[in-house]
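Next come two complexes built around chain A: one with chain B, the other with chain C.
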Partner chain A sequence: MNANLVKRTLAAVVATGALAFGMGAAQAEDVKAGFVYVGPIGDHGWSYRHDIGRQAIEAALGDKVTTSYVESVPEGADAERVIRQLAQTGHNLIFTTSFGFMNPTLKVAKQFPNVKFEHATGFKRDANVSTYAARFYEGRYVAGVIAGKMTKSNIVGYVGSFPIPEVVRGINSFMLGAWSVNPDVKVKIVWANTWYDPGKEGDAAKALIDQGADIMVQHTDSPAPLQVAENRGIVGFGQASDMIKFAPKAQLTAIVDHWDEYYVSRAKAVLDGTWESTDTWGGIASGMVDLAPYTNMPDDVKALAEETEAKIASGELHPFAGPIYDQAGELRIKEGEDAPDGMLLGMDWYIKGIDAELPK
Partner chain B sequence: MIRLEPRRQHSQAMVYLSPVLAILMTLFVGGIIFSFMGKNPFDALYTFFILPISNSYGISELFVKATPLVIIAVGLSMGFRANVWNIGAEGQLTMGAIFGGGLALYFHDSESMFLLPAMFVFGAIGGAFWGAIPALLRTKFNANEILTSLMLTYVATLFLSYLVHGPWRNPEGFNFPESRPFPDAGLLPIIYDGTRVHLGTAFAVFVVIAGWILLSKSVIGFQLRVVGKAPQAARHVGFRQKRMVWFTLLLGGGLAGLAGLFEVAGPIGQLQSQISPGYGFTAIIVAFLGRLHPLGILFGGLIMALTYLGGELAQITLGLPNAVTGLFQGILLFFLLACDVLTKYRVRFGTPVAKGEAI
Partner chain C sequence: MDWLIPLTLTVITASTPLLLASAGELITEKSGVLNLGVEGMMLVGAIAGFAVTASSGSAILGILAAIVAGILMSLIFAFLTLTLMANQVATGLALTIFGVGFSALVGSGFVGFAIKPLPGLHIPFLTDLPVIGEILFGQDFLVYLSIAAVIGIGFFLTRTRAGLILKAVGDSHSSAHAIGYSVIKIRYLATMFGGAMSGLAGAYLSLSYTPMWAENMTAGRGWIALALVVFATWRPGRLLAGAYMFGMISVLQLHAQSAGVHVPSQFMSMLPYLATVIVLVIISSDRAKIRLNAPACIGQAFRPAQ
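Right, the complex of A and B next:
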């Protein structure tokens, strides 16, 4: 846990304490929050970070809240039953933390209008279903800048999960960052077709290194690609959580998910009776996306990374600032404009210069 | 030295009692594990095995979960009886979902009442087609069907992944890897309001009864049993081994294909890259848990489904990790196999007795 997180969590605890004190006995119902995870909480990536968020709720709201979770829930017929079981066992706030839980979440939400649902990374909402996601592409832009400076072979290896907009957007943003400091960088992409499978992810990483990559980027959840990078003596970036433990010599930084504050605020909203269906997409500025400490790089690169991060946070720099062309040479974002959120959410095209074909 | 010596005559009662014994011992050991984890073992066992079915919705979910397991396991058991080891039901399930689901996607505007029956046929054909490949390889080239059927599973799941990422992707789905939702005419009717119990569940019961009749009353059922128990004798009386291979792989594949179609046309309602959490593999355990007998398989499927449901509730109410589910299934299989071994063999201590000294 980094110092930033400790500070934020403490702040949340203090704020909640003050709030609870001020409100006295007026509060309506206690929160019973349930979480549905697509992977094991021990994945050290995506599900692990959501579980840290769950623990933050417990830490922040103390005895006003109880939480429970179900891990490794397949994105198939089982999800609906699990979500329903949570709703039936008195949970009044349910977080479903994978895209594939979207339709089951909405289905169960219709049958339990008094239960609040929070679905991560989806695009369908309802009166009692909110959506939330983080602008990870902002972190990927910073990673791209670092990679552009650090690479010697000018080849970056990228382990992708599925060619969905979230991941395609990340690749584009990463390359825009890299080209902003080094126009010669090339990217090689392998699709692992899984979110979590250390074996497959590691094999993909090995194949990329054999093709000359000296920077490893991943959009899958286990530390395996970074561990391969460590063993083979190259550097790379952690995914979802700070993976420095797994790759003390290889991790440059990691794009860290911070659900803590959002989760605590949503649980508090249920406590206060102020919960509303919303759509949240937070970036570096909101704290939802964080970069792990910059390590294993020279001071000037570190300074540049910090500067880029600060510029994105302040809004001075938008990763998708025009002009941006797609692979066919068509102008997608005009000079002087930033990509609108709608375009980012449905992004299914590579930017010009990426020498790969999107799996269709 | 410890040896296993075959029993001359093993108790017929024990053959059927051993699953019961295995379940009781699993409960016992499970209770011990729970108490080591700091939980009251009775509470934990209650949560795991009783709570999931303590209300009508829970019971309905048990049926939904057991449906594909039972359908596939009945099909597989026919092959296992004849020593045809179809390990690739997961792939056959996937192909059934692709064939039947593909039809629903092609006619996604259809309101025809014939769509669903046509999907059944296509689903069964898809699964049977995927079972026919190992059958052909076995009968023509004597290739081991354990390997070929298993490897074809990966081909099928990758093919499905290709389809939902590419040609069959929902045009309104933001590029996410899933197909359009099936039209209402392509969805299984719910047979009990307010639950997810669908037509496939009724079909599972039908499969159990039909399997039972096939096995006990038909000539081919008799042949299956003889080929499995006494291949030499079967050859002498002219039962053709090849025909058994074809029959069991087509039947097993077809049923697995139907099970896959029921999943996508039932609880899921569309094609997506993941449609089964390994039903095709779990069904192998179910088949043996049920002694390769359709009625036993019905119970085996329900028990296996219960371990999944219980595992979810154990996580929700007791905060136990998901691994407990796998642990229970593993212990159950271990005791089942152990009981079987001890039914057929006796444990002897000491060095083997020379032949001449035998009484």
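Right, the complex of A and C next:
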């Protein structure tokens, strides 16, 4: 590469950056909210739902707020650059919406003490860094109950993204739900090592179906696994948003994220000057976790699912109610106790009965 | 043996987009043009194919639209690099960045649309044969097209006059120009062919592989296709083998996991790239051999003397 080319390339990069971050001047004291998404908002899943939340802020607070977002930000060095860029361009409330943004968020937060940060699904906080997450495992428990009733081969196929606590907790919760109605269910897990690659997620789903799975569960963001389930004539669950359009015959329900209310309340708190560093973990009861309409299942299964959902919402049922043992046979949660949130947030072990090794 | 047939079927579908895109790029590169915009052209082809199929209900129209879209994208590249003589590497990268954004913009209205996947071939008797029936006679037509294209390209490059002229242009554009061939015109045609094949590869992704539109759905397959051309040392036969090998590695690791084979999945995800590096080392250690196949003028702009 000659010097000229390098110069031109640099100019192009700078121009692209300026475009991406080129925003109008913000009025003082108003909320200027920035969002960092790990995938494209067109993923129809995780990032898409966060963007719905962003739009809710604009709709609720009108001209007191401006929002902007950067999508498809990799979880690595780039994330820190993007977050810092948002902080430098006058954003006073920044949502970083993926687990892998945790350390970059905290690092930038130290350098911008006046900017409020909101990190999704993490566990490290600071004076100006809040964390928030949804108890998706509650939805996954309900899905597990449905799967336990619906499976004929007693093999559930599970497409995982990365073996982080969020995903591991989901697998454990799902299986506890499944075993509560059918102790013979087995789970086969494939790690796609990506949050978003429709082709690879679909291939993972095919591999699981070839191994006998007749229920498809996913913890990746595209509708591909569910779509493969539809084409192969089995059933499964949507992820993050209602995916019924992709699988009208296959979707049993979907675990839907609802960030709207939380986002609006946090933006309001900045406006009122009442923002504080908090840790929010909402479940079915708070509306943060919602289940798409129950479809493609017999009425008795539907009734059982609705009952389970209601019991979790009322607090009568905790998915991680003891006694719960890990794979090594060690008692992790005592009889009569529920798993404390700290344990759930750091969960890096499979419960007893899961016949797979957790990648380290 | 029960697992072998479904595994083979999955490998075929994973390999076909790589094969289509890299076959086109092989011709482009043989003419001496390095178009790094494959990923972008694939994405634009994918959304064009999907949008037209979803609105018209005809997959054939969709595939034609994907080809046209791929050609139009490659024409942007050709105009910039061949007529205006912009740097090919920079222009190719820009084409990919443009393709990612443009396809997302056009496709925003098509997120969440569902279409029927391309139908597989069904020949009575042949498709119903045990074991080989579905593998050999049950694919959709793009799969057969991808293999036919590679065979056709092999024949074209070695057995036809036009193919020899193409290689001459790629190996020494000044000599080809001196004996009266229109270097620019031939490179335009080769680049357009590459665009058409990338468009087709994109259509395969959005119409057959995962019948939906999702932003950035190629997820790096365009770059793998580019690596494949080098991996195959610009030979169609090796391209075919390489595409299927890459497809197999990526699928096999998923199957191994679901079968409970305890190999770190991160390591297995890395394997296709590791394989590329290893083969690159092997082929470049035999310099004379690779030089025979690599187009000597690749990436160089051609300025005809007045």
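In the analysis below, the second predicted complex is superposed on the first by the 332 of 360 C-alpha atoms of A that agree within 3 Å, B and C clash if a C-alpha of one lies under 4 Å from a C-alpha of the other, contacts with A are read in each partner's own complex, and residues count from 1 in each chain.
Quick note on the criterion: contacts are C-beta pairs under 8 Å (C-beta built on N, C-alpha and C of every residue); 3 or more make two chains touch, one makes a residue touch a chain.
Note that this is a predicted model, so its numbers are computed, not measured.
**Q** Quick check on the superposition: with chain A as the shared anchor, is it clash or fit for chain B versus chain C?
**A** Chain B and chain C clash in the superposed model.
**Q** Does the superposition put A:D43 against chain B (first), chain C (second), both, or neither?
**A** second
**Q** Between chain C and chain B, which one touches more residues of chain A when both complexes sit on the common chain A?
**A** C
**Q** Going by the contact rule set out at the top, does A:F123 touch chain B (first), chain C (second), both, or neither?
**A** In the superposition, A:F123 touches chain B alone.
**Q** Thinking of the overlay built on chain A, is A:E80 touched by chain B (first), by chain C (second), by both, or by neither?
**A** First partner only.
**Q** With the two structures laid over each other on chain A, which partner does A:A328 touch: chain B (first), chain C (second), both, or neither?
**A** neither
**Q** Tell me the contact category for A:S72 with respect to chain B and chain C: first, second, both or neither.
**A** After superposition on chain A, A:S72 lies in contact with both partners, chain B and chain C.
**Q** Pick one for A:I164: touches chain B only (first), chain C only (second), both, or neither.
**A** Only chain B; A:I164 stays clear of chain C.
**Q** Under the stated touch criterion, which partner chain does A:N193 make contact with: chain B (first), chain C (second), both, or neither?
**A** So A:N193 meets both chain B and chain C here.
**Q** Could you look at A:P359 and tell me whether it touches chain B, chain C, both or neither (first, second, both, neither)?
**A** both
**Q** Out of 3-11, 183-191, 201-209 or 237-245, where does chain C collide with chain B after the chain A superposition?
**A** 183-191
**Q** Of all the chain A residues, which ones make contact with chain B and with chain C?
**A** In chain A, residues 40-41, 72, 193, 359-360 are touched by chain B and also by chain C.
**Q** Looking at the complex, which residues from chain C come into contact with chain A?
**A** 3, 6-7, 10, 14, 17, 87, 89-90, 93-94, 97, 104, 107-108, 111-114, 117, 205, 209-212, 214-217, 219-221, 250-251, 254-255, 257-260, 262, 264-266, 269
**Q** Any idea which chain A residues touch chain C in the complex?
**A** 1, 5, 8-9, 12, 16, 40-44, 48, 72, 157, 188-194, 196-200, 202-204, 206-211, 213, 222-224, 227-228, 231, 245-246, 248, 355-357, 359-360
**Q** Using the touch definition up top, name the residues of chain A that touch chain B in the complex.
**A** Contacts found on chain A: 34, 40-41, 68-78, 80-82, 84-86, 88-89, 99-100, 103, 123, 162-165, 168, 193, 345-348, 359-360.
**Q** Please give the residue numbers of chain B that touch chain A in the complex, ascending.
**A** 57, 61, 64-65, 158, 161, 165-166, 174-178, 196, 263, 266-269, 272-277, 308-309, 312-313, 315-317, 319, 321-322
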